[in-house]
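Naming follows writing order (A, B and C), and every chain is counted from residue 1.
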Amino acid sequence: MRDVAIIGVGCTEFGELWEKSFRELFVEAGVSAIQDANIQGGKIDALFVGNMSGGRFIEQEHLGALIADYSGLASLHIASTRVEAACASGGLALRQGIIAVASGYHDIVIAGGAEKMTDVDVETTTHALTAAADREWEGVMGATFPGLYAMIARLHMHRYGTTQEQLASVAVKNHHNGSMNPKAQFQNEISIDAVLNSIMVADPLHVFDCSPITDGAAAVVLAPADVAKKYTDTPIYVKASAQASGTLSLHDRPDITTLDATVAAGNRAYRMAGLSPKDIDFAEVHDCFTIAEICALEDLGFVKKGEGGKATESGMTAIGGEIPINPSGGLKACGHPVGATGVKQAVEIVLQLRGEAGKREIAGAEIGLTHNVGGSGGTAVVHIFGRER
Amino acid sequence: MSVGIVSYGAYIPRFRIKVEEIAKVWGDNANSIIDGLMVYEKSVPDIDEDTITIAVEAARSAIKRGRVNPERIEAVFTGSESHPYAVKPTSTVVAEAIGATPNLTAADFEFACKAGTAAIQACVGLAGSGMIDLGLAIGSDVSQGAPGDALEYTAAAGGVAYIIGKKEIAAEIESTYSFTTDTPDFWRREGMPYPEHGGRFTGEPGYFKHVTSAATGLMEKLGTKPSDYKYAIFHQPNGKFPSRVAKMLGFSSEHIKPGLVVSRLGNTYSGSCMMGLAATLDIAKPGDRIFVTAFGSGAGADAFSINVTDRIEELRNGAPSVEELLADPIYINYSTYARHKNKIKL
Amino acid sequence: MSVPRFWRRLKNVYNLIGTQCENCGMYYYPPRSLCPKCRRSSLIIPFKFKGEGEVLTYTIVHSATKDFEKHVPYILAIIKLNEGPNLTSQVICSPEEIHIGMKVKSVFRKLGEESEKGMIYYGTKFVPLLNHSGK
């Protein structure tokens, strides 16, 4: 198995991009990644695209072909594959790309993710997202994603004394980080009170506890580590790529407050990289809801179970803190185009490790981790990246 | 070869709206309405309750009370004037939800407020003839009164289920007698949300003529008189009609008192008279004789003469009594009522 | 959800019929055709749950999908059935009443409908166990 490096990254702005179509978004992200890698299109062997619900959001399937075609690669007949694992589609597309290069099957691979969520009304979007839960045994009973995570939050609060203020402090921090990210959907700071006074979506989660509906795309160019320096002076190396599944339904989880797929994927990634949570300098984690970031902190081993709320409130996860979490603004402030999120997380790690993250730069960071979750924890993907091989 | 009630169960939604609350919305004088109708409040279904869910809860209560094996039930008939589907039986859902499927017959009945007693008669015939082991007859409604209409003060929600058979009878149905004519005192056209009625025409030519004719007919057939009965129940669209018809027939207020639940419940239409019977069975003793006459607009009346047996004591605490179902209500205002009754269209 | 898809599991939803693995004794609701514990040694039979349990966690949903917009706010909960398995359902009670650990029992309610013209979906929800004079 070969080591793999990221030699180029690209990302669109995130937000309600009324003027841009799905295909334009992906092409924009892909082209900027290719430019960043300084390679010719003809070099590309394969393309993996993460997308959750083209069928429902834009009534378009067969996205692999669509994207290859509109990226101008149809005449080269490259292998192009759409990858789906709900909100973890992007992370999984990245992992498929890494596996393709590591195995030696392909040399230069584009791994991207894209989602166009605003072409349908909010109810349709919510309904489509609910497909990431068990339609027959959760959705049909009235479960929504905020509802499912609210039930995690409720039990976390009951069991560990986590407070609504602590949940809100996740949003406040991520908005602060987002304010330094020119591509973020929300670049405004918010206060704890603003979160607590915002509309209740699913008690105890307010609307500011939830990530927004977002259009966007992100892409990375992958190459064998041995040749990475041919393309760039600052390749970022993949130190671990791990994936785990858990029960589809939240109610079947052994512990409702633990995303055990995250724990499993995290442990596999640490083992693969020969690292422990202490070695991670910063992370982009899946904060689809504020409680999700708190659980991620715990399930990835950054803090003990039950201490994620306190840790966030104490500033431990802020830029400049012990373990900065979501310097991009996370899903909460940067936005959450579901299929793109897992790839955007890797883009942020690369920018940070290259020292190109601008005002939100984490000084001296060497090792970064991404954590991408599908549904309420049915899929978790964890990647670890480093400046050194 | 007797046939009768093997078990029974009732269900009443927990929500109530007071006459005052409705009167306030329409600028009516609540006291005069209460005096006129002798109804103080009525039951309101929850947002996710309808005739089917109420029928299922009543049927399950009957099964539980009598510890009946649902596979013995070979006929399910549900009477209602508010079946959720115009076409597609309520009774198949009920049969499935009580575990009686698939070896049974099922159909829905409609005869305004007496569809439930018509279902009882059908079960008496089938069980009595030996064609079925047990029959389940249900009266269930989430009756509709147009906003502002007099019916809005009484149109309530509730359901009652009777399991009819020849073995383990708790109350023998010794005879039944019906009186039916074409009398358009109340109707609802296909596809219309609210019924129309003939105002005072529903009284004399409708309710009183049919109830007295059926009641008199049955007593003549059996050679009985009101004093032969311990209790009597008459269809109760309001508190006044059953009180007056009881007096006309020679029954006392003591006869009808245990079964007169309308003042706290409203008119549960297909469940109305059957609810009164259930409340009476809740307190009846072995040997008590009960006289029942249901009325349905359109119009017809079904009279029954019932003898309570020793087995009634075995049913006593098996499921909630009507009195228990009436206790502990949640009072709602008109806007919540409007939501529950789907009067707000999204 | 489409009519055939709902119909296929209607008995399960109406009557809380799940499955049991006779090999290990574990109960499953929602039903499973393969026991995750015994896998190929699974001996799956239908099992009817009694319908009593307790609230493991809950939320009050204020913003719902189209199918449920008439019902907001409603209480969504994970309920631990006395026999063991957990399920997601709604609890019918006031938001002031609901709490973790609340004992509940099953009731038959409308889950939703396709539209005014479409099929009505019925199934099992839960109410506080102590209701109607404790019966």
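The rule we apply is simple: a residue touches a chain if its C-beta (ideal position, glycine included) is under 8 Å from a C-beta of that chain, and two chains touch if they have at least 3 such contacts.
Predicted, not measured: the structure shown is a model, and the values here were computed from it.
Taken as a contact graph, the chains are arranged in an open line, each linked only to its neighbours along the path. Chain centres were defined as the mean of their Cα atoms; on that basis the chain farthest from chain B turns out to be A.
Distance from per-chain Cα centroids to the pooled protein Cα centroid is smallest for C. Here the CA centre of chain B is 30 Å from the CA centre of chain C.
In terms of their C-alpha centroids, the spacing between chain A and chain B amounts to 59 Å. In chain C, 69, 71, 111 are the positions where the chain touches two or more neighbouring chains simultaneously.
Chain B has no residue in contact with two or more other chains.
Interface of chain A with chain C (complex): residues 123-124, 126-127, 130, 134-144, 146-147, 150-155, 158, 199-205, 207, 249-252, 256. Interface residues of chain B, counted against chain C in their complex, comprise 14, 46-50, 52-53, 56-57, 60, 84-85, 93, 96-97, 99, 319-320, 324-325, 327-328, 330, 339, 342, 346. Residue ranges on chain C touching chain A, taken from their complex, read 1, 5-6, 9, 30, 56-69, 71, 74, 76-78, 86-90, 95, 100, 111-112, 121, 123. Only residues 10-11, 14-15, 48, 69-71, 92, 94, 107-111, 120, 122, 125, 131-133, 135 of chain C touch chain B when the two sit together in their complex.
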